[in-house]
Structure formats: structure tokens, C-alpha cells
Amino acid sequence: MTIGVVTFPGSLDDSDALRAVRIASGDAVSLWHGDADLRGVDAVVLPGGFSYGDYLRCGAIARFAPIMEPLIDAARGGMPILGICNGFQVLCEAHLLPGALVRNDHRKFVCRDQRLRIENASTAWTSSYEDGQEIVIPLKNGEGGFVADDATLDRLEGEGRVVARYLECNPNGSYRDIAGVANERGNVVGLMPHPEHAVETLTGPSTDGLGFFTSVLMSMAAA
Amino acid sequence: MARVVVDVMLKPEILDPQGKAVHGALDRLGFEGVSSVRQGKRFEIELAGMATPEAVAEIEKAASTLLSNPVIEDFSLRVEP
Amino acid sequence: MARVVVDVMLKPEILDPQGKAVHGALDRLGFEGVSSVRQGKRFEIELAGMATPEAVAEIEKAASTLLSNPVIEDFSLRVEP
Amino acid sequence: MIDTTENAAKTPDHPQPWAELGLRANEYERVRDILGRRPTNAELAMYSVMWSEHCSYKSSKVHLRRFGEQSQVTPVGKLLAGIGENAGVVDIGNGLAVTFKAESHNHPSYVEPYQGAATGVGGIVRDILAMGARPVGVMDSLRFGPLDADDTQRVLPGVVAGVGGYGNCLGLPNIGGEVVFDPSYAGNPLVNALCVGVMRHEDLHLAKASGVGNQVILYGARTGGDGIGGASILASETFESEGPVKRPSVQVGDPFMEKLLIECTLELFAAEIIAGIQDFGAAGLSCATSELASAGEGGMHVVLDRVPLRDSTLAPEEILMSESQERMMAVVEPADVERFMKICAKWDVQADVVGEVNASGRLTIEWRGETIVDVPPRTVAHDGPVYERPFARPDWQDALQAASPAHLARPSTGDDLRATLLRMVGSPNLCSRAWVTDQYDRYVLGNTVLAQPEDAGVLRIDEASGLGIALSLDANGRYAKLDPYTGTQLALAEAYRNVAVTGARPVAVTNCLNFGSPEDPDVMWQFAEAVRGLADGCQELGTPVTGGNVSLYNQTAETAIHPTPVVGVLGVIDDVSRRIPSGFRTPGHIIYLLGGTRDEFGGSEWANVVHGHLGGLPPAVDFGAEKALADILHSAAGDGMIAAAHDVSDGGVAQALVESVLRHGVGARVWVPGGLDPFVFLFSESTARVIVAVPHPDEVRFTGMCAARGYPHERIGVVDDEGVLDVQGQFSVGIDELRRAHEETLPAAFAE
């Protein structure tokens, strides 16, 4: 099973995402933003960072990178895609996921160990968890406030597409404490916190993040 | 040579933490009588040529796809003399 | 009720990385004929009362101290009808 | 009209603004002597900026020589590069080397806090990159005026956002630093940034231009008019004496550009097509060209018209002085230029050949086809003026040292001690730094083993073997004011100890020396004492100084800041999985205090917080004890005998205990060792002490080791889960109450 990780100019957590794939026993493949080619991978991670410096709006410029064309097609065809932090922003800008991510309500960058509840353990990226399972993984963002209009939020809740929610503290002003959402089919997931930073006891606050990567490897193996 | 200015503001229903913070700071500094502050972005785009209708239409397209995100923002555009 | 708009732009000699990035993106997306892009901030300040000369003078002071840093930025202010 | 060398030779009496550019009359005369004519405007620009205090170290050089005279061998081997290079390089084994350095960006951060701090981080990162290393972490040491001062309210949030904004965007974990408040820094904040990088031995690139015919390539951002004169004028003059030629002197950073520059440069290194490289710091092209040429064996010719500009109206001397950020200069063999350009294009980095290495022995620069610079490069870059500034022990020093804290009223009852403790843990210098450090990404790159609020940052360097490094950055201006020699050694001792408590072996030192005006003999004495103290201390510890930075003229009017030598210590840890964390976690673990406690309150936080008092002598330094302590910690870490260790410094044992219980929210029962006064036990700042938590089964082995080495160790308590810190027979205080007192201060001060 191969999982590709896209490097945009300004991607920062790409090497971490590749490492997380390897620790989860997947084959990690590095993808380049300028190639309109997914190199035959089975799933893709859009990693965290500051693509194009996060100038303009986070993810707004990366969304037009050449690799996004085949990626958008693949996403529509059901390929598992995970956008972490900046990757989540890219997916929203590309309209693969609803809503948008805006400046934190306290206007500061925040880095903390964040408690989350997995609200939907049936997406391609969360099947290793239990519904309602609580996990702690790092969160770090300056523009992580998830916003959408009420109708969209109601629909997301109604369809079980809120994948994860913040517990104990809403770190960025996200509407309804939303930390991650999925598309209708559940193959595309966007998540503001960073599971790839919680895959080793030595460097993470837990190993709770590993489940995102094992989920997709297992679901692909089953398919 | 012409200049097109594009203003991008968050939609009224979206929380604007920066505007709110500026409002709070104005209050604390004793600037009274302000009822609300919103903060947005301003782009000054210099064209190499004239602001022909085609050129402006192009910028308008850029404004609605790249410079603003219609999910959360509105924009307005004007050609400066 | 009146609205005062304050535009804050980086001084011309100061590097504007955001404008540069936007310019690059416009080029790559095939929007041609743009010779430069500068990105700044726009503040929409709603006053509770009228835009009296005193009120505007107050906002002007805020613009030069709080809303902009004169070391790197210029601002312009206008009262909207 | 262009001021060519030919023109200069013909017009010897043409008046020049050397004074406005910061040159002294004798310095201007020396330039004329060197050239045998008056300098052109472009040459004047170069000499003035390169001979500024900031670039030439003209006041500090005679003292800094001490560091180079020391043994350049660390406990883990010889330095691969030492003082004189962009940054020192330490061999850490496995074919790997580490380079680290701190730099100040004090005045720019006062003028424009966000951009000043951001470009400070950017500058030090390029320094590390230019050594051939991949930057892997940053730290920041910050000092401000009083927490409640208006100016602190203005400066601090911007500085913190700037350090975070730039470092986070580069993808470098921030692994530690300092935040200190003191009235002496009002109007004179200190912003010191450190970067650490890693390379394989063979990748060490030293800054020099050699090989006749090699091409000189400028790559990165375009050159603009920002920061012109910043080096000579911003950093080397006091605020009041701003002369007439000041241009807008602040630079704006573009961290995205820098991120591309890093990746591009690393790819160029990997392709082995870089013969020499130099970062652009203060003094821009003047500095890069003259330093490269001076360090090589030949000469260099530069065509200034080829420098890509952001502002086409710039004059040649302005181009030479511009401090535009995010630029580098490389020397490349002609056959490799095409590959060089290709790699730059991949990363969207502009690159232009602007010159060539030749055998002339001179640096020549042409503009519009005419020669505007023709100088021996060494005279610009390396043979600047050197001053033996007068220095003398200040006449107030004796009185200050005589004002001992012995007469200050001390808390005597348990209730008084409890109230003192709560007041101290919430005071500006002892309260939680989370409001600051939560704005920094400590996770990126996935190798951060320890970061704030741990005593030192620990990074994994080699995933296969677990080889890693530890770093701490410390200073105490109050101690240094009381006695700059000892105060500097105390900073060294604390940084050394902070590294040691992680289980790492301290091996090498860097510094950033922040002082007032060198023209004030009092300040110059402080500086000389600080250097002497650091050099002697490093000698005793066997940890050489590998490099550093000096920032002078940190003063408003006649008042200088406290002398503030910031010391960084690098440690090596063979296996990061053996690191010792700092917080108590497990009930039942036994708490030991290692080291002896004396009645030492000169310069202490207690005297500061409770009495607003600064006087007497700082705590005594004992490097022998520090070494013995570090050895014990290193062995104990290797054997897994210690579950947690925390350095005892500002605020004493009380502060260390509070931080240890709050880390994971456990409780502890503590008793005052026999023969010690409870107040002295809790709040004295005696050195060479740490508290450790030892699992019961390891206790005998551990105490046996301490006893065998003759190191004082006292069983002072036990970790529990009762939710209180209980000092038996004195007082007890709930963890929740402690947490509130500790964590509320900064958020309350910067609430909107």
C-alpha cells in the first residue's frame, strides 16, 4: 500500500507525514506539487506547513498547483485523501471539503497538546478508532478556526461528517468545536490537529495519531 | 498604466477577530464613539497596460477565484483614475 | 452613523512578501498584464454618531499609532457617505 | 554623476559624509591611507558599514581574543570549525557535526517588534545554513522592561509573534529560551535568537572565494532599499544620536522565501556544486563580497548592474549597503553554473552571476562600465580598526556589593512562607511562560524529544542510533550587575546544568554579549570582566567557546542595561531515549536534593520580588561541583536510575518543586532537611543543585553513587497524588491554587 505525501513550496510537516506512514507500515512516496502526477499511489496526505507562506489565505495558492488536478479527480473517484492543517485548508480552498478556515479567534498562533473526540470512526482515515474515542495529539495553527454557514454545519452534523471535535478547550474559535470534517463519501478528510506528530512516544504527547495512518492502510487492504 | 483596487472583507456573519481586537484597543485607548470595526484586505494591482473592459474582467475573475474565498468573503473592485 | 475607512499599505520601499506571492500566483494562473501587486489592510470603522471633525481627528490619530506603524506603513483615511 | 575610482583620485578634496556614516576622523584617514586616495562613495559606504561596531567588533575584539586562546577541544573531540567562522562546528560522532550560534536583534525589535524579531531569526538561520548545515531548531532569549510598562505591552506581543511567525513558517522547532522582565531593559529590549544545524563532516562549507575563474552567484530575494545603513546606524549608535542620513531602516522578512532558500541551498550542497558560500547579514553585499574575497586567496570582480533590484532607483552605494533579507552568495565553478541555475529554478529562487574570482588580490566593483570600488578586501573585512577602550571598575560597584540582602525582612512563619511562595511563583520572572511558548511550534520535523518548559531542548539527530543533542540558553543580568565576572560564570553554570539535567554531556559554548556603550569605561569594564569570566569558566569545564555575538550601545541616554551575557551550552546525548524529563509523574518516587544549600540571596528573585532589592554578591560558583553533578546525572541517565530531574536556579528549591509538581499535576510531601532554615532551604539560589525523583528500587544504587563521588544528596520528600504540595511542619498549598498563581500572570497582562 503506498501513500503519497505532497510537498508544496512551504510545506513543513511533509517529512513527518512520510515518517508516520512508514511507522504505520505503509510505503511512503514523496510527491511534488509541480508534477501533475500521483505516481500510482493508493492514498494521499496533504501535509501541514505554510504553503506559499500562507500569504493571501492559507492554502489559496497551493490549491492551484499542478498536482491538484489529478488529486481532485482522484478524490472524486474515491481515493482516500487526508489534509492535515495546511492540507485541510487546501482541501477547503479546492472545495473538496465544505467551509473554510480562518484566523484563530485569539489572533495568535497556538501550539498545544489537544484532546479530541473521534466523532465518526467509519471514514477511510478513522476506522482504527472507536466512535467517541478520546485522543490527545498536537495542534498548531494560526488560522485554524473552522467556519461555515449554519445550514452547512447542520448538514455536516446530520450526515455524521464531523470527524473529530475539540474537547476541554476550543483552541481557535472553530464553530461547534469542529476539528475535522469529511466529504460525503468519507474518503476525503480534513483535520486541523496533527496526528503525524503523535506516532512515537519519544517525540509526541502520545501515539494516538497513528490510527489515522493504520486506518487507511487497513481499509485499503480490505478493499 | 492603470491601477485596479480590490477590497476583500469577511462576510458580515463571519466572526472577525482582528476587527474585534482593534475595536477593543480603540476603546482602551479612549477613542470613543466607535460602534464596530471590521478588518479586511486591500490589493493594489498595477496593470502594464490600460484598464480595458477585458483586462478588468480578468481581474474580476481573479478576485472571485484567487483573491477572495466566496465561502467567507465578499470583494469589491474599482479602477482608479 | 458614519463610516470611516482606513487603508494601510506598506511603504513603497518596503518589501511586500504577500503582494509578491499574489503576483506570482496571478502569473502562474495565466492572468497576464499585471506589473505589480501590493497587499495591505483595510479597516471599516463604524461610528456611533456623526463624522464630526473631532471624531475624524480621533480616528486619524488611531490610524497613525494603532492601525499602522509609521516606520514601515502609510495610511489613508476617508469618510464614506 | 558616478563617483569612480578615477574621479576620486582626481578630486582628493571633495568633502565626504564620513561622520554621518559613523566613521571617526582617524578611521576616515586610515581609509585614505589604505587606498592612497580618497575613497569613492561606494568604497566609503563599504568601509563605514564594515568598520561599524556591529560588523568589526572594534571595541570587543581585544577581549574576545581570550576565547580563541583556549583549548579548542571538547569532551567529545576537536572542533571542526571554531571562532572566526560563521559559527563553530562540533563533532558529535557517527560522522555528524552540529553547529550553533546566537545573535542579537535588539534595536530593530524595539523599532518594529514583529519584523525586528522575525528578521533576527532569519539572519541567524542563514548563518547556520552557510556552514553547510541543515537548520534543525531555534531558541530565543528575550528581555523586556517591567511587565506592566506600556512599552512592554507594545513590544512583547510583537516580538513573540515575530519569533514565532518566522520560525514556525520555516518549519524549525523552537526548543527553548528565556523571557525576563527588568526595568533596566525598558526602552532597550533584548532579542537574542539561536539556531542549531546538523551536517555530515564532509559537508562543512567554509566561507571563502577561491579558484580563479569561479563564478560568484547572488541568489534569493531581490535587493531593495530597506534596511540601508541598518548595520552601522541601527546597531552601533545610541537611540538619541540619530544622524541625518537615516533611511527607513527596518527590514521586512519573507520567511517563505527563506524556506525556499534553505531547501534550495541544501540541494545545492547535496549536488556538490558549491565551492564557497556566504550568507547576507548586516552590511549586505559589502559584507558578503569583501568577506568571501578576503578569506579566499585571490581577488574578485563584481558587476553591480547584474544585481537584481526591487527598486530601480537605488544608487550603487545603496545597493552595496542594502540589508534586504533572504539572500545568499555562492562561489561556483563555471562548469557547474548551469546545474546551479536549474536547482534554483526548481525552487523558484532567482539567481544571477554577479562576479568572478580572479588573481588580482583586489575586490573591484563596476557599475555602468566604470570602476567604483577597487580595494584590498582584507582591509574592509578583516583588518578594521581595533580599539583598546579604557575600562575601570565603576565607583559605584563597592557600594552595590555592600548593600547586602542580609538585612531584608524574611518570612518566619509557615503562613508567611506560603504567602511568599505564592507571590513568587506568580511573579513576572518565575510565572509560566506558556503564553509565549504556546505561540511556537515545537513539534515540526518530528525530532523534538524535550522542549519548553523542560530545562533544555533535546533533539534527536540520528534516528537509527538515537544520537541527539541538548541546548540551553541562559543569563542573569542582576547577577552580572552585582559582579560581571561571577555573573557571567553563573549564566554558564546554569546553562551547563540545564543541559546536564537531561542526561546529556555538555560539550561546547556559544554566547551573545549584550552591554551598554563601550565608550563608557564602566560598561567596558563589565564587558572585559564578563569575557574573562566566561573564558575562565569554559576552561575549567572543558567546554570551549565556539563563537558568539556582541551587541553594544544597549542604553537609553546615560543608562545602560544590566550587563547581560547570554550563554548557550550544547550537550550530546548518545541515546535520546535515555533522556531525563523534568516533571514528577509517579507517586512513590523519592525526591532528592543534590548539592549544598547556603544562605545566598544577593541578586535573588526573592530579593527582587519581595523587596525590589538588588545588592550584595551573587551566589558563589563552583565549577568542580557542577562537573561532578553533571557526571552523576549522565551516569544515572545511562543506567535509568532517575525518573525526573529539574535544575534549581531562580527562585530556589521552592520554584523547582512547584514546576516539578505542576508539570503532570501530581502532589508531593517535602520536609526541610535538618539544620537548614526553612526559608533558606526554600528560596536560596545556591548553585550546583538539582532536585531529582528516584524510583524506590533504584534508591540505594543512586545514593551509593552520590556517596561514592562525595556529592551532597539529601532525601527531601516523596511524590504523591494528594493534590497538594506539603512542606511538612510549615504549610501546604493545593496544586490547583499553585497552578492558578503560576499560570495567570502573562495571560492577564496581555489580555485584550
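Here the chain labels run A, B, C and D in written order, and each chain numbers its own residues starting at 1.
Rule of thumb we're sticking to: a residue touches a chain if its C-beta (ideal position, glycine included) is under 8 Å from a C-beta of that chain, and two chains touch if they have at least 3 such contacts.
All of these numbers come straight from a predicted model, not from anything done at the bench.
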item	value
Between A-B and A-D, the pair with more C-beta contacts	A-D
Separation of mean Cα positions, chain C and chain A [Å, integer]	34
Cα-centroid distance, chain A relative to chain B, in whole angstrom	29
Cα-centroid distance, chain B relative to chain D, in whole angstrom	40
Per-residue overlap in chain D, given as positions that touch at least 2 other chains	254, 256-257, 348
Of all residues in chain B, the ones touching two or more other chains	21, 25, 66-67
Set of chain A residues in contact with two or more other chains	52-53, 55-56, 60-61, 64
Overall pattern in which the protein chains touch one another (line/ring/star/complete/other)	complete
Chain A partner contacts - residues on chain C that touch it in the complex	17-18, 21-22, 24-25, 28-29, 39
Partner chain A, residues of chain B touching it in the complex	10, 13-15, 17-18, 21, 66-67, 69, 71-72
Chain C residues touching chain B - in the complex, by the definition given at the top	1, 7, 9, 19, 22, 25-26, 29, 31-49, 55, 58-59, 61-62, 66-67
Chain B residues within the chain D interface of the complex	21, 24-25
Of all residues in chain A, those that touch chain D in their complex	9-10, 12-13, 15-16, 19, 48-50, 52-55, 108-112, 138, 140, 142, 194, 196-197, 200, 202-204
